[in-house]
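First chain A sits with chain B, and in the next complex the same chain sits with chain C.
What follows is the complex of A and B.
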């Protein structure tokens, strides 16, 4: 199968800016993108730099951006891109990390966030069995973290996350998925402390874009993050803007069946927070002048009573 | 063609021009809409963050109403599509969850068997209505107009719940622009997030994301952006002056709703499409078309 690789090349010590180099390939039909890169290195240009090791989607080394999305290139067939009508593969290094050379990035930011969530079990010493015995959990008890355990630290989701791209403070999908793994482990004794720390690390900064659903190991960080949010509200960690937003939103829907955005923004700013309200005023005026601030009564379903009944049955006390 | 029309909250709230233009467009295309005035908010994933079963119960009520009326649902918001789609699939894949949810609905005399389909307006236009048929309705072709179709993120993923396009390389929106006579532009941000869902929680990060999308479209020399989602629209248009000021950007990019763009090509009066309610005026960008 014929294909063209357009690879971003860059050696910071010698190039003023990255440039693209073009390589023509004609490989067997099942060849992966990694096979293509190895073929280039073998027979066209041995100066091309990229990470790889196991070639079987286990080591998590060969992540890079192919036509806009980050992939483990050992697991991605050239044909899968060609089938999409792209015989040209634009290959660039991962996002949100500094380029060291060509397709190799400095993964320090990734590891920093990972360390921040303390990715190790912290059991209550009094409950730890003696060294000759195992600390046992049942498969059912570990079910909530079953997917989290599959992470191979490849950083595919970290590179594709739109929040991570602009906000270096945000812990990012893999670190949060790993945090979920320990928060839901019944042997861990630091659940509450972990959850409190996660709020500072960006638990509520995920924007639900779901790019991380493309995880090559099906870890599903987006749902791990949603679950962490639920657990943290349940644990009473609600004195933060994210939890407040979620709770006020739900309450607003409980009142009349629809969201009243204007009231939500005012409530979140704090009705008595004069500075905050003044800061929001120009935007409010702009919206008003464009006829974009509706009267609250428009936001009502025909039968709000039915909605309230549902809230009384499934909602928590706080939500009603 | 007849659909149960799920407006969502924002088209009835801070984006009234979206609802107005959708109704006008449906008339011109001969699509009958039964507005679900009794349908609740889809939960936007926010209710799910707190209480997943509550969000599912609210959406099951909506599905049950559409099922009783024997209609599929059309929505005009990517977040609605994603949340309705996800909750619908959750119940279809888990009979015990469907049964539990039906117990809750029974107090309102409702029942849902799992039949309702949920489609965003984009998929209805491209899939059900068809682009050939749509092209025949064009009386004001968008000749020369460079359009940055903004798919955004939530319309494309999870693919089982959202639709009919390849999230890695979507083409439907650009094909629609071509059918209307316009020129689609390719740009890096077309499937990346606008940041709306953290606008009230982390305004700095959210507006950085929005400004990046606007700049990417501008870099590709687009005249306008178009979005199938009022939440993306809020970030990209309604907040554009504030976002660009906060982030020190000079970008200025008109952003239309999908229904406005199609309506424009189908000859609907500009006043009826409520283009004047857009925060960033598209007047000069559209001068070649109008």
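What follows is the complex of A and C.
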């Protein structure tokens, strides 16, 4: 099968800016994009630099952007891109991290976020079993973190996440999935401390773009983040803008069947917080003049009872 | 003497399971410890281990049975004292990992679950679904972070510095800058992994190029039993990717073109769960005798049903879909034997010490020797955790008792000229061409069934490739991430190992474990119950033999 790779090249000692080079390939039908890169390195240009190791989606080395989306290239067939209607494969390095050479990026910010969640078990020393015994953990207790364990730290989701791109403080999906793995571990004793720290690391900064749903290992970090938020509210960690927003949002929709944005902002600021309300006022007026602020009337949907019923049903489901 | 920019009491090379366990143990013993690895620790090949790790954790199992299975599996070439340490310490090591956080799969009552594996008399393989190595690697990396061990990531070790039989440190290449530098250490531990890439379509990572074994050999450390290469019975035909033995452990069948479960012909009791050497030979015999399917046999999981496959073998299912275009829930997977594991390695004693003072080795790059002529599935990552830790403790103790030794002034310039030679040569040879040729030679001449004439021809071909390597030129002269250069270093190492494997195999005139000869079909304990030891000499590789440490178990015929 014939294919064309357009690869972004950049050698810091030679190039002032990246440029694109074109390579023609003719490989077997099932060849992966990694097979393509290896073929180029072996028989066309040995200077092409990229990371790779296991070649079967367990080491997490070979993430890069292919036609706009970050992929683990050992797991992506060339044919699948062709099938998507891309006759050429445009390959560039991952986003949100500095390019060091060709397709190799500096992953140190990614690893820093990972370390920040203190990714190791912190048990209660008094409860550690003797050396000849294990902790008793049932399969059911293992279930919540099962998907988190699949994470190979490939950074595919980190590169595609809209928030990491604009906010270097946001821990990012894999670090949060890792945190979820410990928060849900019945052997860990630092659940509350972890959750409190996670608020500072950006637990509430995820903007639900769901780009991380394309995880090559089906980790589902978006779910891990949502679950961490739920657990943290349950644990009473609500004195932060994210949790308050979430609680008021739910309240508002429960009450009116739709979001009352004006009231949401007022309640988040604190109804009795006079200075805060005054500070917000000019912004409110500007928004009102531009037609961006709904008027305090007509806030309810036609039949708010229906919405309330949904809340009640979901509420009872949760308790089951 | 040169100044080393970096120095540490204990320097561990390799950040797989063995290396990180060693580093944490040395750090806990209170000495200054660092790890050097050519890839980020989580990219190490240990993460690929799928099926599990053996330990007699069940109440009605015993470590003595595990010990016996290991010695029998090794075709009596394992040192029985080393195998005893491995199996006796296994249960506590598993529980230590569990206490550190490893989420092993469980029975309903909350205890660590076990599954059957090949060559074992009891279901004693602990696992995390089919991502066991990956999850243990996470756990051990977590301990590295927790203990604040320094890690030099993407530093490529090019040589080990030994003078007067005392180890002094290493020379490394910082891959991100191209800078070669000397690193001094009181004790050095190699945990550089296997050499699977010497063969074609190996199950191993592209980085499993045996650098450490070759580097140690060049520095004067003897290597042991390298002719024993395990061919795993179930690898995908397209790219050599592994399908874990855990699949057969869960009950999968092996079928030939006639739909027969042929394994019972070769192993009347254990069938599909005989030892790996036995199963690979059986498959190959079926294929040679015309009962294969396009050069493969079939691994049938269909009767396990979707729910069980999804729970216990989800990764396997996905690999089969991605790389063989076949969903094991609906169709049998075509598989064949592929090069998988290096039983031999750097010769070390029970404390992981080599014959070079201050130089230790653990994991797949070493030969303690617990695997002898054939390793049992699930015993390898066990070896990395048990002996990784022992190596760390031994190295820490050595470092406490010794000072830094002086570093010969030629060590660094030698490596600089080696690199310059690859840059400046006008030669026309290409690394990739020679590598492919070497892999083809090794698969053709040192495969599952071997014979004198074929192996003798193979030795010559390997030597010709070594000569051609002198004319290798690489086009990339950049300093930053010059992966053409590191691939050339890797090939250089593999060519040494290919010769060592070839010579050891040619000399051993018997069949034992993974070394099966059609011209010497039987095991010959009278003449060959001994380790092959190969040492570098000015005239080339020098072969000698060393006794096997025997013990409780006398050699018997091996039937499964």
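In this section, the second predicted complex is superposed on the first by the 282 of 320 C-alpha atoms of A that agree within 3 Å, B and C clash if a C-alpha of one lies under 4 Å from a C-alpha of the other, contacts with A are read in each partner's own complex, and residues count from 1 in each chain.
The rule we apply is simple: a contact is a pair of C-beta atoms (placed from the backbone, for glycine too) under 8 Å apart; a residue touches a chain by one contact, two chains touch by 3 or more.
In this text, all values refer to a predicted model and were calculated from it rather than measured experimentally.
Asker: Which partner does A:14 reach: the first (chain B), the second (chain C), both, or neither?
Answerer: second
Asker: Tell me which partner A:149 touches in the superposition: chain B (first), chain C (second), both or neither.
Answerer: Touch status of A:149: second partner only.
Asker: One more residue to check, A:42. First (chain B), second (chain C), both or neither?
Answerer: After superposition on chain A, A:42 lies in contact with chain C alone.
Asker: Once the structures are superposed on A, label A:185 by its partner contacts, choosing first (chain B), second (chain C), both or neither.
Answerer: A:185 sits against chain C, while chain B stays out of touch.
Asker: Would you sort A:2 into first (chain B), second (chain C), both or neither based on which partner it touches?
Answerer: The answer is neither, since A:2 touches no partner chain.
Asker: Tell me the contact category for A:112 with respect to chain B and chain C: first, second, both or neither.
Answerer: Neither: A:112 stays clear of chain B and chain C.
Asker: A:61 in the overlay: touching chain B, chain C, both, or neither? Say first, second, both or neither.
Answerer: In the superposed model, A:61 contacts chain C only, not chain B.
Asker: Within their complex, state which residues of chain C touch chain A.
Answerer: Result: residues 39-40, 42-45, 47-48, 57, 91-92, 94-96, 98-101, 103-112, 128-129, 131, 134-135, 138, 142-143, 145-146, 176, 205-207, 238-239, 241, 315, 318-319, 322-323, 325, 430-432, 436, 474-476, 478-484, 487 of chain C touch chain A.
Asker: Quick one: in the complex, what on chain A touches chain B?
Answerer: Going by the criterion above, the answer is residues 67-69, 84-86, 162-163, 165-167, 170, 204-211, 213-214, 226, 229-230, 233, 241-242, 245-247, 249-250, 253, 257-262, 264-265, 268, 282-283, 286-287, 290-294, 298-299, 301-303, 306-307, 309-311, 313-316, 319.
Asker: Please output the residues of chain A touching chain C within their complex, sorted ascending.
Answerer: Per the touch definition, chain A meets chain C at residues 11-14, 30, 41-43, 45-47, 49-61, 75, 77, 100-102, 104, 107, 111, 115, 119-121, 123, 128-129, 131-139, 141-142, 145-146, 149-150, 152-153, 182, 185, 187.
Asker: Which residues, counting only chain B, touch chain A once they are in their complex?
Answerer: On the chain B side, the touching residues are 9-10, 12-16, 37-41, 43-54, 57-58, 61, 79, 82, 104-105, 107-108, 153-154, 157-158, 166-169, 188, 191-193, 195-198, 200-202, 204-206, 208-209, 212, 238-239, 241-242, 276-279.
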